[in-house]
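So, here's a batch of structures to check.
One chain, chain A, appears in both complexes that follow, with chain B as partner in the first and chain C in the second.
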Partner chain A sequence: MATRQTQSLARLMRAPAIILLLIWMIVPLGMTLYYSFLNYNLLNPAGTSWAGWFNYVYFYTDPAFMESIKNTLILVLGVLAITVIGGIAIAMLIDKPIYGQGIVRILTISPFFVMPPVAALIWKNMIMHPSYGVFADLARFLGVSPIDWFAQYPLLSIIIIVSWQWLPFATLILLTSLQSLDGEQVEAAEMDGAGAVSRFIYLVLPHMARAMTVVILIQTIFLLGVYAEILVTTNGGPGNSSTNLTYLIYRAARLNFDVGGAAAGGIIAVILANFVAIFLMRAVGKNLD
Partner chain B sequence: MGSITLKQVRKAFGDIEVIPGVDLEINEGEFVVFVGPSGCGKSTLLRLIAGLEDVSSGQIIIDGQDVTSAAPAKRKLAMVFQSYALYPHMSVGKNIAFPLKMAKMPEEERQKRVNHAAGILNLTDYLDRKPGQLSGGQRQRVAIGRAIVREPAAFLFDEPLSNLDAALRVNMRVEISELHKKLATTMVYVTHDQVEAMTMADKIVVLRAGRVEQIGSPLELYHSPANRFVGGFIGSPNMNFLEGPAAEAFGAHAIGVRPEHFLMSKTEGQLPGTVGVAEHLGSDTFLHIDLDDGTHIIARAAGEFPISHGDRIWLTPEEGRVYRFDKEGLAIT
Partner chain C sequence: MARAVSTRIKIGYTVAAWTVALIIFFPILYTVITSLKTEQAAISGFDLWPSFSLESYRDVQSQYNYFKPFMNSVILSLGSTALALAVAIPAAWAMAFSPTKHTKDILMWMLSTKMMPAVAVLVPIYLIFLRTGLMDTRIGLTVMLMLINLPIVVWMLYTYFREIPGEILEAARMDGATLKDEIIHVLTPMAIPGIASTVLLNIILAWNEAFWTIQLTTTNAAPLSAFIASFSSPQGLFWAKLSAASTLAIAPILIMGWFSQKQLVRGLTFGAVK
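Here is the complex of A and B:
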């Protein structure tokens, strides 16, 4: 943008897109904010009235609330840990020249193409099912009694399923980062007497810091809103043990028809997301400079 | 400390033989330059010595020890790469200290050596900077610093100056030569630039297609090239080659005359021709001359040589400065 003229022209030309985006964001957010202060239940829409902070108090004092926040954070952190560590490991493995590399890479990345409810159903009925599942078969083969995953370890099961879906994404980003590592730097480290472990710690990891940051930030956005996997597998149970904030809001809106309460939950979720975002940018954002 | 011997070292990538078999003796404290056109295998040869490539057959002996299958780190060599290969996320000080850290040297000793190296290389003010904030020449010095702190048996340089601009290259050339005098450690230096080879080397190894064409001191190569390739490669501008009757007069298939070894006259001489472009450098004038038999010649004249495009000129090779080559291109002595 060299001149003032081109600058204002550019501003004019990108205005429609920005205004459209702004409306797209502001209107739903404003409506949610508005509903969150109403007594608005779909079973009795005629009785809608101003509620003040009641919805927030009600949502906050719900015994499921704290547990859902805890579950949300465990889910996000658990999946992040598994996908980042697993992603680095798989990326380093498939970065090595092997026979059938192309096919191996496509297979590694393919879980990403499976939509969440389908993936969750496959895991529920074909892998983790206590009588038909692959895990159950394995357990019986070893002479152990099969685990009923969704009853005994509901949150862990969800974490495993979601990790399986996001591992390809992490692997892909980390693999491209790994491939951009300068070969001469690796050779220089080799000449400097750095063994494989030292090279990984002092060279590979710092080089991948930026890619890891991207993976963490992007995944966090999506992991805060995990919902379909819970809906088709555990329905948030047993009890509230696999209910995250998103699922709790869904329950308020679609099972209790409490629009006001759900809207208040939504606003709380927005605030939580912002906290997480600030924390993450503080923790890892400097890698993006 | 620092003698390197290659015995019938051969390297093939699949079916392609890059180095058919090289014998070479590098003495302690020597500055040896591998020079040759690109793709001649000089970098590969250096990487074989470094241990970054495995030899297909043959032996590499450093300080009397057979290191043919030893890991790079075990060879006590330090290498400076063409791209410098600095670790971008570490400060200059940490970059230089990295090999010492890997050798598990205590912090205090490490710091002492880094400061010493930084002093030699004028990097003391830059120890806290990241490589990205340095100029090309400074990065080059950091790479050298990282090499010298280890006090290796020998330094390996892989075209270290090719990413620098012309003025800086001349400076660094002198600095590396000075460093060699100061440290008196064996240095093996790869370049495609024969000027670097001539100015820095104690011993030049001229390579072509993986074969050693000639080994000798810069002036040996200049005064008695073993063959036409070496004759043409060493010296700037290149040696002129004449074939046909002009060569037969000297009893050779071809003769080579360096641009600086022509006597020029506007009236008489052995080789009549027409002046094309004259490049005035101030100190010298390079004349591009088309001889009457069609051969293109470059000749060096004095800076003030009065001549212009299209003038007739007669060239006479200086007595005793004519190199004679047979049909295979080998020198006739």
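Here is the complex of A and C:
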């Protein structure tokens, strides 16, 4: 159907988007790669010199680096566990016949639309504050002493906040998938005497598998980049106990002005994200055929 | 879903679902209530009854010039969306209606640019912004937001455009429609719902973006996400004001989000879940 003329027109129409994204991908990443081999500190730009692998060795042998990798993994896995399991449970509950389903849905997905700094500050001040927060009020009401969340359990606190933000996403995607489950199939299984548990394991879970995969992969991409929540609550502390890789690189770049070190850190962030991306691309790519 | 369920079971599910929903929504509700309290009432213990004081709303405007970051958020999210559409509509259009054997690869590659961790390019982008004078300017940030959301916009538009049946075009062509007629009278009306959904999702994403807005602004171009983040330490205990600022920052997007649940699923999963 496409003539040569429409084909060249199509090429012209595609070009701006492709060129823009090409520049956006190649130029900054190329610069990061180049900087990662330089001794380059913004406080002393005149002393810039070739560093070889020094930045990599320095960044990767820093104990803070290993800790940040550990924290990144705990954060990502913790949030994934909470949001996927919680999301399945809530999606199944909302899918049941209930009064006011529309409103329940709206209330449940709302946290997703709260921008990260606001979400973090609400939790930090009004929910988890050791003396004035709702949790502290609740603890006093129950007769136990309130917890100083961000001092005692900094990483857990951030996991809770980030989970609150992403639980709606998981719920919404899983609910959408659940609603496309064939009701007759479920009824047939029920008539054949399949109990609720086996219906869940053999019917519901396999049906949601694809949606679950997508939820896990997309969330992982975003969770690797958690930043604002840490910035406004713990600032990565106490020590490095709530510093993830993103925050560590941010600190190297913006607070230590260490361009070379931050760039070397950035390269490993790219490699980490690529692992996830390859799987995500496969899952999404299937949909194109 | 026509199965009869006894009322008692339905009430049981209803109570459980509402309890969960209210717990999840509680932090937002409590913020709105606190924003309507006076500063003293805000920290005097748990209380769901607001004093219906608008004092804190007045204060965030008079003390922090709230209107400025708010307008920056509006300009940045609308501006970056318009820019993204201008680039993405032709591209998605071409890929949907004149696909080549590389179209799929191009789409996948575009998606892959979205996977690049922002922090990996923090240093070069920061230095480019510093040296070109783009730091803390609305134009710089608008372009930035456009670039980070462009892959999603192209993808979403592509999946919508692809649903427009090609036969309609052929029929119009048989009737002697020119390319211009085709675009204006046939395709545009059919494409508008998809474009509207894309706009909605992109505004939400741009409004809530917090990494680049915090890195690349100070005062002049700072939108709400950067402005609120700066509330973190010094104003820590002015909860009523913080709540008022937060309520105003999330309200527009919250309402838009309620109306775009379906599009959200589609946009954020790149069409993998519909």
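Throughout what follows, the second predicted complex is superposed on the first by the 259 of 289 C-alpha atoms of A that agree within 3 Å, B and C clash if a C-alpha of one lies under 4 Å from a C-alpha of the other, contacts with A are read in each partner's own complex, and residues count from 1 in each chain.
Here is the rule we go by: a residue touches a chain if its C-beta (ideal position, glycine included) is under 8 Å from a C-beta of that chain, and two chains touch if they have at least 3 such contacts.
These figures come from a predicted structure and were not determined experimentally.
**Q** Aligned on chain A, chain B and chain C: do they clash or fit?
**A** Overlaying the two structures gives chain B and chain C room side by side.
**Q** Return, as a multiple of 10 degrees, the angle whose vertex is the Cα centre of chain A and whose sides reach the Cα centres of chain B and chain C.
**A** Taking the centre of chain A as apex, the angle works out to 80 degrees.
**Q** In the superposed arrangement, does A:I173 touch chain B (first), chain C (second), both or neither?
**A** Once the two structures are laid over each other on A, A:I173 reaches chain C alone.
**Q** A:E187 in the overlay: touching chain B, chain C, both, or neither? Say first, second, both or neither.
**A** both
**Q** For the three-chain arrangement built by superposition, which of chain B and chain C touches the greater number of chain A residues?
**A** Greater contact footprint in residues on chain A: C.
**Q** Just to be sure I read the superposition right, which of the two partners does A:S198 touch: chain B = first, chain C = second, or both, or neither?
**A** first
**Q** What is the contact status of A:M92 with respect to chain B (first) and chain C (second): first, second, both, or neither?
**A** neither
**Q** Check the residue A:H207 against both partner chains and state whether it touches chain B (first), chain C (second), both, or neither.
**A** After superposition on chain A, A:H207 lies in contact with chain B alone.
**Q** In the overlaid three-chain picture, which partner chain does A:I69 touch, first (chain B) or second (chain C), both, or neither?
**A** In the superposed model, A:I69 contacts neither chain B nor chain C.
**Q** In whole Å, how close do chain B and chain C get at the C-alpha level once superposed?
**A** 6
**Q** Find the residues of chain A that appear in the contact set with chain B and again in the contact set with chain C.
**A** 187
**Q** Show which residues of chain B lie in contact with chain A when the two form their complex.
**A** It comes out as residues 50-52, 71-73, 77-79, 81-83, 85-90, 98-99, 102-103, 146, 150.
**Q** Note which residues of chain A are touching chain C in the complex, please.
**A** 1-2, 6-7, 9-11, 13-14, 16-18, 20-21, 24-25, 27-29, 31-32, 35, 90, 93-94, 96-101, 103-119, 121-127, 132, 134, 137, 164, 167-169, 172-173, 176-177, 183, 187, 210-211, 214, 218, 221, 224-225, 227-228, 231-233, 245-246, 249-250, 253-254, 259, 262-263, 265-267, 269-270, 272-274, 276-277, 280-281, 283-285, 287-288
**Q** Which part of chain A faces chain B closely enough to touch in the complex?
**A** Residues 182, 184-185, 187-195, 198, 202-203, 206-207, 209.
**Q** Sort out for me which residues of chain C touch chain A in the complex.
**A** Within the complex, chain C touches chain A at residues 1, 3, 5, 9-11, 13-14, 16-18, 20-22, 24-25, 27-28, 30-31, 34, 43, 45-46, 87-88, 90-91, 93-95, 97-98, 100, 104, 106-128, 147, 150-151, 154, 166, 170, 204, 207-208, 210-211, 214-215, 224-226, 228-229, 231-232, 236-237, 239, 242-243, 246, 249-250, 253-254, 256-258, 261-262, 264-265, 268-274.
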